[in-house]
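Note that chain A is present in both complexes that follow, paired respectively with chain B and with chain C.
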Partner chain A sequence: MKLYFRYFSIHLKSLMQYKASFLLLTVGQFITSFSAFLGIYFLMSRFHTVNGFALHEVLLFFAVTLMAFSLAECFARGFDVFPSMLGNGEFDRILLRPIHPVFQVIASKMEFSRVGRLLQAVLTFALAIGGGEVQWRWDKILLLVLMIFSGAVFFAALFVVGASFSFFSTEGLEVMNIFTDGGREFGRYPLSVYGKEMLRFYTFIVPMALFQYYPMLYILGRSENPWLCAAPLGILVFLLPVSLVWKLGVRHYRSTGS
Partner chain B sequence: MTARGRLAGSLLPAKKYLALFRVRFQNEMQYRVAALAGVCTQFVWGFMEILLFRAFYQVGGEMPMTFSQLVTYEWLQQAFLALFMLWFWDKDIIEAITGGNIAYELARPMDLYNMWFTRVAAQRIARALLRCLPILLVAFLLPEPYRMSLPVSFGAFLLFVVSTALGLCVVAALTMLVYALTFFTMSASGVRIFAASIAELLSGAVVPLPFFPEKWRLLAELSPFAAVQNLPLRLYSGNLAGDEALFYLGMQVFWLVALVLLGRILLRLMRRRLVVQGG
Partner chain C sequence: MIELANISKTFKVAKRTGGFGEAVKSLFRREVTYVHALDGVSFTVGDGEMVGYIGPNGAGKSSTVKVMSGILTPDSGECVIDGLCPWKDRKAHVKNIGVVFGQRSQLWWDVPVIDSFELIRDIYAVPEAVYLRNRNRLAEMLDLGELLKTPARQLSLGQRMRCEIAASLLHDPKILFLDEPTIGLDAVSKIAVRDFIRELNRDRKTTVILTTHDMQDIEALAERILLIGKGRILLDGTLEQLKHRNTGEKKLTVEYTGGTLPTMDGLTLLHRQSGRAELSVDPGILSVSDAIAALSGQVEITDLSVQGMDTEELVVSLYREFRI
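== the complex of A and B ==
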């Protein structure tokens, strides 16, 4: 942990050498997610409700997904750019060091410009919480934090899956975008709007609904079932096959030798 | 002029541009697996958007587009994404501008604006051709509410083709404008990101323009961005027809001329300021 903070401060220091470009990127990230926000706003002000959810409720789903995604991008970006690490031999060096490779990949890159998106998520939260009718008790706040955190773990796990595939092939990796960028885009709305089959897919195959949908039903008072609060923990189960894929990949790894 | 320059200059002008097209095509054909991955991604994207709108249509109320028109709009949008997306830049051109290779580009016996314009358009056409057929094929074969429909009439189809070509030119002109601005700021990543998001929204890439609130719709329709994909996709499904269609086609031509002129002026200003250092 101490080592991580050391990496963290080094990244931060090196970033502060390029303040202007950091600021620009951050603003850019903010604007990008702002047009997604406007898209929701336009549709919701015409229809008022979708699948039984009102604007402020939809915004909560949007904010949770956006925040989880940007946290994952901020801290697990190393896995997102992993193919280039394989290409330039950086991974060989990582394997030689006496620290766990997963830790090193995570620590090797931090994308602070995602703060722009994070800010968007925070503002959306403020809007959603300010305008909504949810009774915020401490257990609900705690649950919300847990949702965001497990969501970040979920997206980070997807990055790891993509990185693991790059051990086998460098072509066609863009397909992973269906789940990573797709998760961010489709998670703007409650996952139930896409129909029963899609909800099932996002529950059992790519378990995004475990942090985005089911616990939110409890927060919004749609269900009193306390078990829904435990749903985010299901993401931990998802980590099992992910770590298996990663191990398979590392075993398959042959250095390019350069 | 050098001997080589004279030789190239003596070729028919059209031939030069055709050669540019060919190179871009061959380039694009090298990335077939990436294209396949792109096709899959775009297909899922289109399908999810349609499912989302299905939920909104179940709410009911007065709809500015029929569901079948919307489905067709979404499939066309995904199929021709490469033609119309506003966040796609040619890395080589940007590097030429910031890195100084621009000197070589200027040494070529072609007009810089025409050359880059052709290059931008060619790349987009090559990408779109490779990707649109599988998406359209599947979209035409899907079961009913999700199936893409044929154009409402032959006339609508003709208008669609014309305004698609014009829309592509507007995209290329907008792209040229961004490149020209890159000369002045040397990074322009801010300009590019802005173009990538606000312009996407106003062009109807996030939500089709008919679903916008009244004021926003007006703003979008008067902007050059509505001349990109909003128009051809709505002409195809008959969502826009008659005098209204002709009016917006006129707008499209107007924006094309205006953007090309502006881009040319900016590029000329740039050339006057440009100092190429040797080495």
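== the complex of A and C ==
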């Protein structure tokens, strides 16, 4: 952990070299996701409900997804640019150090400009919670934190899967963006909006519904089934195949010529 | 102690020819060729040895270094370095080694070098006292001084290389791998780097394995030379032994007018340029005086000199001998 802060401070120092670019990026990030928020807002002001969910409820789904995604991006950004780390031989250096490669990849890139998106997520939360009639009890607050946390782990895991693919094909697979960025976009609305088939897909194949949908039903009081609170833990099961894919990738690593 | 036995590594390379049509075709059907980067490499290096690892581009030098440093997993073969297998006991192994890639940096680009050093200290968990001692010693030997406070991106190549070498030695490795450490450096920096490596090997008994294309590096540093070509170890011996192999091989430099140069057994043309030619003579087959006689019979000699081979030519003739 101490080492992580070491990396953190070196990134911060690097960042200080380019202050203007940092500020512009942050503002840009904020504006981009703000427009997404406006999209939902205008849609709801016309239709009032989406698939039986009111505006503040939809916002809650949106906020959880956005928060989870931007946390994952802040901390696991290294995996997102992983193909280039393989391409320029940076991964060689990582393998030469006596620390787990996953930690080093995570620590090697930090995106402070994502703070803009994070801020956006916090604002959306404020709106959703302020405008809603949810009875906030401590167990629901705890559940919400767990949802965000497991969501961040989920997106980070997706980044890892994408990174592992790039061991096999030198360029990363665009396909992964359907699940990462695509997941973020889908997650703006309750996943049941897209129909039964999609919900099933997002439960069993890419288990986004486990942190975004099912536990939210409990929070919103649509279901009293306490088992829904345990759904976010299902993400842990998802980590198993992910770590296998990663290990397979590292073994397949062939380095670059120099 | 470094022991390699029968290390082999094959890369699968998609074969492609130029042109758009071919690129589209390769989407559907890929022709794959297999490149034997390493083909049964075996050697042993004792503690405190200094070994020059030479061979033309693509011969497998870097691949061997990557296997020994735990980056690449070979397809087959055994490698034991100080009782550890590099790719299986990677974390324990890399604590014992330092690696410098001449063409890549391990310093963080935008921050002063000293910040990179401190991060490396934490990565390797070097105790503060040991770190300070090593840093001060290295800074003095490599004349780093003010460089430590400069961001890496503002350093010249030579300055950066000195910092790179220092960075890879902060954790007191027993073995140092240098992959083309003098590439692109000016004469002064090259000599500084060489002097430092020699001192390190002599005073601290650090095992040094060095790949290079620079024959002066070899001459200045390597007591022992390993020649690799097409993934195989072709020669293993001291520089003296290698020179001895080609003993007596002489180089004739001739300036001449008119006629064509004679071709005969034992006489090889090394280089020719408008009225000036360099030839090597193998005295086992042809005596030098016979060669000169043959030459003067065919062309009008204006100037002639006879020399022994230097290292550079020795290596070229070795490459030629093994057809690599």
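Just so it is clear, the second predicted complex is superposed on the first by the 256 of 258 C-alpha atoms of A that agree within 3 Å, B and C clash if a C-alpha of one lies under 4 Å from a C-alpha of the other, contacts with A are read in each partner's own complex, and residues count from 1 in each chain.
We take it that a contact is a pair of C-beta atoms (placed from the backbone, for glycine too) under 8 Å apart; a residue touches a chain by one contact, two chains touch by 3 or more.
Small disclaimer: the values here were computed from a predicted structure and weren't measured.
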Clash or fit (per the criteria above) of chain B with chain C on chain A: fit
First, second, both or neither for A:K2, with chain B first and chain C second: second
Touching partner for A:D92 - first (chain B), second (chain C), both, neither: second
Partner chain in contact with A:V175 - chain B first, chain C second, else both or neither: first
First, second, both or neither for A:S14, with chain B first and chain C second: second
Which superposed partner A:S84 touches (first chain B, second chain C, both, neither): neither
Which of chain B and chain C A:G39 touches, first, second, both or neither: first
Touching partner for A:T49 - first (chain B), second (chain C), both, neither: first
First, second, both or neither for A:N225, with chain B first and chain C second: neither
Residues of chain A touched, compared between chain B and chain C (which is higher): B
Which superposed partner A:L25 touches (first chain B, second chain C, both, neither): first
Angle at chain A between chain B and chain C, C-alpha centres, nearest 10 degrees: 90
Chain B and chain C, minimum CA distance [Å, superposed model]: 7
Those residues of chain A which chain B touches in one complex and chain C touches in the other: none
Chain C contact footprint on chain A (complex, rising order): 2-3, 6-7, 10, 13-14, 17-18, 88-90, 92-93, 95-99, 251, 253-255, 257-258
Chain B residues touching chain A - in the complex, by the definition given at the top: 33-34, 36-38, 40-41, 44-45, 48, 51-52, 54-56, 58-59, 61, 187, 189-190, 193-194, 196-198, 200-201, 206-207, 211-213, 216
Footprint of chain B on chain A - complex, ascending: 21, 24-25, 27-28, 31-32, 34-36, 38-39, 42-43, 45-51, 171-175, 177-178, 182, 185-186, 189, 193-195, 198
Residue ranges of chain C in contact with chain A within the complex: 11, 58, 62-63, 66, 69-73, 90-92, 94-95, 97, 99, 101, 103-104, 106, 108-111, 115-116, 118-119, 122-124, 151, 179-180
